[in-house]
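Right, I'll just put the structure down here and ask away after.
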Amino acid sequence: MFSRPFPWLIALIAALFALVPAWAGSVQLRESLLLAAVYITLASNLNLMIGYAGYVNFGNIVFFGLGGYFCMYLVNDWKWNLVAAALVAGGIVSALAFLFGLGILRLRGAFFALATIGVNEATRQFVANFEPWGGATGIYLSLNAYEPLGGPRQALWFVYFLLVAVMALSLVLSYAIKNSKFGLGLLAIGENEDAASILGVPTPRYKTIVYSTSAFLPAVAGGFYFFKSGIIEPTGAFDLGLSIEAIVMLMLGGQGTIIGPALGAFLYEELRGTLLTLPTFSHFQLVIAGLLLLLIVLFAPGGLMGLIRGYFPATRKFFE
Amino acid sequence: MIGVLASIIDGVLVGAVYGLAAMGLTLIWGVMRIINLTHGAIIVFGMFALYFLASMLGLPPYAAVPISLLFGFSLGVALYWIVAHRMVGRPILMSLLATFSMNLVLIGLGTALFTTSPYNTPVSLPGLSWSGYTFTGTHIVAAAIAATIAGFLYLLLYRTLIGKAIRAVAGNRDAAELCGIPTTQVLSLAFGLGIALAFVSGTLIATLFPFTVLSGQTYQVKSFVVTVLGGLGNPAGALLGGVALGLVEGLATPFMPVSWIPIVEFVLFVITLLAFPRGIFSFSRS
Amino acid sequence: MKTNALRLLAAAAFFAAAPVSAQETLTIGFTVSQTGKLNNDSIAQVRGFELWRDQVNAAGGIKAGGKIYKVEFVSYDDESQNTRVQQLYTRLIAQDNAQFLFSPYSSGLVATAAIISEQYGKVMLATGAEEKPYRLGSKHLFQVYAPAGQYLAGALQALKALDPNAKIAFVYKDDPFSKAVAVATRDLAVKEGFKLVLDESYSPDTTDFGPIINKVISSGATALIGGGHYPDGATLARQLYDQKAGLKWVTLLVAPDSPNFSTLDKAAVGISVPSQWEPQAAFKPDFGPTAEQFTKDFVAKFSIGPSYHAAAGYASGMILQRAMEQAGSVDPEKVTEIFNKMDVITLYGRTKFSNDPKEHGLQLGHEMVLAQWQMKDGKLVKEVIWPKSAKTADILY
């Protein structure tokens, strides 16, 4: 795998993320990069659905939220180990996605997109009424949960490294799929589903598999993220706004490429962080996000990577 | 028993307003195959219109209704030429994302201007009381206005030349063009109508409940549910769908905790999408 | 050699004799819900903070351990949202170097902020009534409000005196604070022998209370207890009036305590609210101004009367100052020690924190009063109706 240039790039990114904040000892930098890592994870996995298979999953955040809930529940109520809980949460959410996928992947285009919103909202409302998960109040993590990891400060660093690992895995996953027969089939579906089907691509199976796969890493990331937050509640876990921002990040960077979502997510996170504390502009991130998306959709559907690869064809080999 | 009946009636009253809200969405979809994700933002602006006209300028609240209709229409036509024009005929994903991004921009601007704090224009009208239950005057008037507007829309679509043109373009744009109908102008009119409907429904909703810049989201999602129930592209279906949704809410409320109602709605939404993609009340053959 | 030693001595003498009034700043960080659903009460709270800061700085600053500290605030708008609270408190600690923290307003946001403050070991004074955050093993979190469990005890007692057979409908917002109060009150109501005819929570986004009110009417309730915060409480009150629900007793949380509630006019009459503090409260403070003085200063500065949120905000500043003065330092651990032992009376009432590790920081000393809106000489005023020892008017039933 490391014979080609791109995997080295992934390794480099992961190394930078892991080492720079640690070496600088900066908590603020770590917080900022942690969010970036989460966004990159979300955008990359979303890319599998939107960029490869051409199915717009508006409600993608439901994986993140559900993964978070399962993990928090296992850690808080059943005293499980964090990594184990997150992995199991990822597995459960993937399985649920598989089941749901069988149903809603029969819908095309806009109908599918709307249905994913419906799934997200229905899940949110359900969880808000589900008492074992705290209902609308959510789950509050007891501070003792940080003890096995050496106390809160250590735990926060540990979770950060875990999230960097998940981010790296997301990029590797995108790469692996793209270079496989499965990935080829997905891209064919994205181009023209009916033609692909006639040419022998097992479309229903592939769609369901990619939907389920695109759920796993976001769910694991959700588990780690909400553990770090110490609290999970329905509105924050199933935030449709964040779901949409993941799409913006993906489109901004360049859907269909691997580095695209990473680039888009990183840039977007930086923008967001800067706007967060400016009083007049604190909600301008939405305006800017909207304008960016509009411009991209109208004039540069390939996003930043599309532009770069268009103007500098030599980079195509390096930036996949 | 009387409680259930009262709940149903209340649900139907509010449902008429939901239906009005959805009519705009479904009209635009039916005529130009665009799912307008700025729908929620338009509704919110309609709500603020009421606040601006009634609370700040002191006009009687219901006078805001015709003003909203006119303003909404002009806004819609303007939006058509700025954004929607490019979206017609493009892949659906494109228009979804484009209208969605417009929504982000509009809501973002709205939040910057008005913040997410609640606004309220209290409207008080004597209601009808019956066996201890009161149907507030505002609910009754809102439903009446919604039904009236729906009636006018029907008349417009089925009894006027313009309406005929709209239906022709909705059916087959090229054929209509060949028949000499200025399709682009018609499309802009239809879009304007759709936006006007969304806008005025916001104004009506604001007479009933308080709102924030983010309230549009709830009503947009409700509009989707109603549109799917009634069949995308079918305005009459939208009104019926709205009433049906209101009915479901009213029927369910006495029997389950109120917080479960949205779950029922969404499950209904997903099931309808899967089982009845053309809508339960679909009259058109699209 | 001798000259060097003399020089060293001189230098040492110079530094030792440095004036005691070395000015330092004390940075206190917090978020405010400037916008969003909680803005009404959060802004009241911030005003309390600001009045305290202005008075302290005008008096020269906080004198602790031989140093004088000028108080400075760093604050951001959390827009009443949990996600922003997390990010902003992390920023306050890591980037703005806040030494002490005030919490945001409302239990839900307090819980979120508390996790951050505990992760970094900072002292935070919290203005939220929910008890959960104190049961998670916190060490530096201190509750200024009386806990949720106590909120409606007074209301139930008052109701019992009027009509022990009242049929109660519980209608409350589905959020940490209101739920905590509802659960505690429900148990109390059952113990007191009341009949509970309805028990339902509504989503925080609810703007249409029609369906729930119809349910209340169907249940035949004569009393309604619940609510949440300002926007939903105010809307619920208005819609109850519009729909002529015919209740003889309505107690709502938080909303009716705000002076803005009077805009509801006739819909406000008779509605009672459990309050952490009222301007008419006649406590004899161990230090600081009386309630009357505070109210006067507040009105002079902000042209509006103080609600209990403002008083609590002011009190937070005062007890923090007191703790630092007594600790003689601004070290969080030393201040925490003082808080653990504190038992004082201020304009706000009695303040004492629990040391039990299972609920460390919970407020033990503070008590609630019940206030009610009544018509007096054609004008709407808020009177204290319970406990009997503190009342300023008779109950309207």
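We call the chains A, B and C, going by the order they appear; numbering starts again at 1 in every chain.
Going forward, a contact is a pair of C-beta atoms (placed from the backbone, for glycine too) under 8 Å apart; a residue touches a chain by one contact, two chains touch by 3 or more.
Computed from a predicted model, the values in this text were never measured in an experiment.
The chain with its Cα centroid farthest from the Cα centroid of chain A is C.
Between A-C and A-B, more contacting C-beta pairs join the chains of A-B.
Chain A and chain C have Cα centroids lying 38 Å from one another.
Between the Cα centres of chain A and chain B there is a gap of 33 Å. Of all residues in chain B, those that touch two or more other chains are 257, 259, 262. Among the residues of chain A, those in touch with two or more other chains are 128, 136.
Contact of a single residue of chain C with at least two other chains is seen at positions 79, 174, 201, 203. Those residues of chain A lying in contact with chain B across their complex are 54, 56, 103-104, 106-107, 109-111, 113-115, 117-119, 121-122, 125-126, 128-129, 136, 240, 244, 247-248, 251, 280-281, 283-294, 297-298, 301.
By the touch rule above, chain A contacts chain C in their complex via residues 27-28, 31, 128, 135-137, 140-144, 146, 152-153, 156, 229-231, 233, 235-236, 239, 276-277, 279, 282. Interface residues of chain C, counted against chain A in their complex, comprise 76-77, 79, 82-84, 86-88, 90-91, 94-95, 108, 111-112, 115-116, 118-120, 132-133, 136-138, 174-176, 179, 201, 203-204. Contact residues on chain B toward chain C in their complex (touch as defined above): 2-3, 6-7, 10-11, 14, 115-118, 120, 122, 124, 127, 129, 132-134, 136, 138-139, 208-212, 215, 218, 249-250, 253-254, 257-259, 261-262. Residues 35, 83, 86, 92-94, 96-98, 100-109, 111-112, 217, 221, 224, 228, 257, 259-260, 262-263, 266-267, 269-270, 273-274, 277 of chain B are the ones touching chain A in the complex.
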